[in-house]
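Dropping the structure in here first, questions after.
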Amino acid sequence: MNNPQLNKHGELQHLLSTEGLPSRILYDILDRASAFVDEAGHGEIKKVPLLHGKSIFNIFFENSTRTRTTFEIAAKRLSADVVNLNIGSSSSSKGETLLDTVDNLCAMHADMFVVRHAQSGAAHLIAKHVAPEIHVINAGDGRHAHPTQALLDMFTIRHYKKEFHNLRVAIVGDIIHSRVARSQIHALTTLGVPEVRVIAPKTLLPSHVEQLGVRVFHNMEEGLRDVDVVLMLRLQNERMQGAALPSAQEYFKNYGLTQEKLSLAKEDAIVMHPGPMNRGIEIDSSVADGAQSVILPQVTFGIAVRMAVMRLLAGDK
Amino acid sequence: MNNPQLNKHGELQHLLSTEGLPSRILYDILDRASAFVDEAGHGEIKKVPLLHGKSIFNIFFENSTRTRTTFEIAAKRLSADVVNLNIGSSSSSKGETLLDTVDNLCAMHADMFVVRHAQSGAAHLIAKHVAPEIHVINAGDGRHAHPTQALLDMFTIRHYKKEFHNLRVAIVGDIIHSRVARSQIHALTTLGVPEVRVIAPKTLLPSHVEQLGVRVFHNMEEGLRDVDVVLMLRLQNERMQGAALPSAQEYFKNYGLTQEKLSLAKEDAIVMHPGPMNRGIEIDSSVADGAQSVILPQVTFGIAVRMAVMRLLAGDK
Amino acid sequence: MNNPQLNKHGELQHLLSTEGLPSRILYDILDRASAFVDEAGHGEIKKVPLLHGKSIFNIFFENSTRTRTTFEIAAKRLSADVVNLNIGSSSSSKGETLLDTVDNLCAMHADMFVVRHAQSGAAHLIAKHVAPEIHVINAGDGRHAHPTQALLDMFTIRHYKKEFHNLRVAIVGDIIHSRVARSQIHALTTLGVPEVRVIAPKTLLPSHVEQLGVRVFHNMEEGLRDVDVVLMLRLQNERMQGAALPSAQEYFKNYGLTQEKLSLAKEDAIVMHPGPMNRGIEIDSSVADGAQSVILPQVTFGIAVRMAVMRLLAGDK
């Protein structure tokens, strides 16, 4: 089957999902991102003229100031022109179809679309539709994928752990509704992480999740034992009002990451979270702000990773 | 009478309406726009430093993401600084008058205002008020005018038909509510198109429309016969709920552009639409996506035309 | 006590309030702003590359298109990259704390935050929290302070009156709710203005206002007598519906600035207003548009003053 993410030369054409991306592409992105970060990993990311004259459109059918901001900053650091569109509140309400909207933006000579949409598959649909000189980055589609988040997580893991082939990684929380978890699992397995665990109550796990190559734990203490990396997930508030969970307190008791539970992991285990955090629900403040937390470096690396993806897609070959 | 669009040297001072603009100004804009488009007409529009250091304010009292985006892109391709203001939701609700808002923005050293307003005449009012070094582009005022849309239509017509003096052009649809139609009619007649037709039911035509120099048709089959250019108009959804129209289905039957009706026009006739389209209401999808449609090139040319207008108004003489 | 606005070398680290700023800092800002304005005081403010590559985040927890625009323009004139965030409508509604939001933005390598917040002290809280290489400008916090407004007022006064040490200045209107008035009083007294008056009904004056070093007047005719500068305040509409004021008409009669009342001030007195104005409520149109009004120059100088503050905080030393 055709992988719409790669062109006929096997180069990245769109970034839609970490699923189906070969490890050489993942490593290429991580290596390019490294070049934007200084050795200490927290220095200034310099503005470079690599995408000067290029037009990048942030098309957000679903509102997300934070994610949109990270892409906007990445694009501006590359000297591209950025146009932000909240499509939800505009032409779609005028009866125009999604693909007509996209065609119009293409005709304005976009070089790249960064797409966030509540429907799974929206970015794929757009990618299949546009001309070959236009590139699409999926900034989150429904429950499907959020590949730049997974890539910045991989960058962070490599930054602190150096290698992937000897790691035990646990993903904790609302797996079933999480596009982040899906994208993380595909990236981790492709990069050769030998043991990926998911830790969640049954109501927050997709059926047959083992088929993705992960080990399932319902007990957090067991699941965290001897892991190198803990990837926490955000618990959407709306889940707590539904049937999936009894209460926020009970969730925190069983699946909230505390210092006590974290002590079961390896001594040098790192703790990650895609943000925004619900302190006291999925993560205790002492852990979020603790010595093992690399949550803020994730954000910094996220800019570098998004710059790397944009450069790879739209830069001169 | 004084034409506020021209300065005392007869140069363009503001672009408020195609009415009253001499043909030499129209041709100047079209020629300058040509220079921003490559010969094939669909290549990349390069970023140029012509308005570097200039500040362009998009003041939108009426929301329109699409139109605002085209001006924003045009300004950025000229290297201007762009500030977007949705005034509707801001100071006007704080009791400030329109002209006080404008005075404040002028005092911030704007070089150009791009104004969209629901009231006819708003852009004129602003243009008459500002200091001579500030230029105003009307991006649509009420039912009055939308000159950059008409200019990009003229550019598109010339691109495909080369000349204006031997053309038969039909404008189809909701003429009475359309600022686009008004601006098209003035531009077409000024550029010497010998026959401009309007095709619409009586309820969607202004009284005495013939005085604008157009031929009136109520029957679409008759009106399309042997035309070179078909300019479709968008049918606002709200019209269909009013008394003006019996139903969307009936409108499509009588005034929707189908392949069958289009076959009555000249074999090489082109089809245009200002967008966003209501497929299946004013235009059939097979026509919108068909070989005679130049709807997407219109969008591309729209960037070049807006760059040309901005350059003409605010660039160094 | 530690002044968080100054670093250990006594240089400006954050601009949070005019209270506690030494006069040498105030003069430094005014002098730097002068350099951005031409001699006539109303020429073009040129774009300069002083902050090229720097990222400035406008974080507005409270909506204010006008104030946000002035900072955006100032930043763009300095060639900085500007990102606008309306936080009110975004992550804070996702349960994230203010400081987590700030930490995230810091991790994206912000160089400066421009903060507007409905809570007094919000900008202080952020300034105390961020790393030393990040600078905070308070763009208005609750009823507390709006220092750039006060600084542009000082710039305007100096522009027209040359010196501060021989002036009589009156601030008129809703003192109790006004962060502008507080910041003006501190700046005026620090710069050596010998007589600062406040003119307001008792219900719009804070108790013990005399302790700020001002003379209190409840009668506008008496208060305006022989002043050099009249600083009008905006009357928030919501005040008029509360218990504080009987009616807009009565307020205008007693405290609205008319030509007649203004004639009691010195012949060359200037009239200022922070905008947006309520014509016919706190100020008569004939005064707002009259020969003594310097309300629009204030806006122009505001860009220069904000550029000066940004340059001082984030520019190379």
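Going by the order they are written in, the chains are A, B and C; count residues from 1 in each one.
Criterion: a residue touches a chain if its C-beta (ideal position, glycine included) is under 8 Å from a C-beta of that chain, and two chains touch if they have at least 3 such contacts.
Because the structure is predicted, anything quoted here is derived from the model rather than measured.
If each chain is drawn as a node and touching chains are joined, the picture has every node linked to every other.
Shared residue numbers account for under half of those found at the interface formed by chain B and chain C, and the copies are therefore classed as meeting with different residues.
Measuring from the averaged C-alpha position of chain B to that of chain C gives a distance of 41 Å. Multi-chain contact residues of chain A (touching two or more other chains) are absent. Of all residues in chain A, only 44-47, 63-66, 69-70, 72-73, 76-77, 237, 275-279, 296-300, 302-303 touch chain C in the complex they form. Residue ranges of chain C in contact with chain A, taken from their complex: 52-53, 55, 81, 83, 85-87, 89-91, 94-97, 100-101, 103-109.
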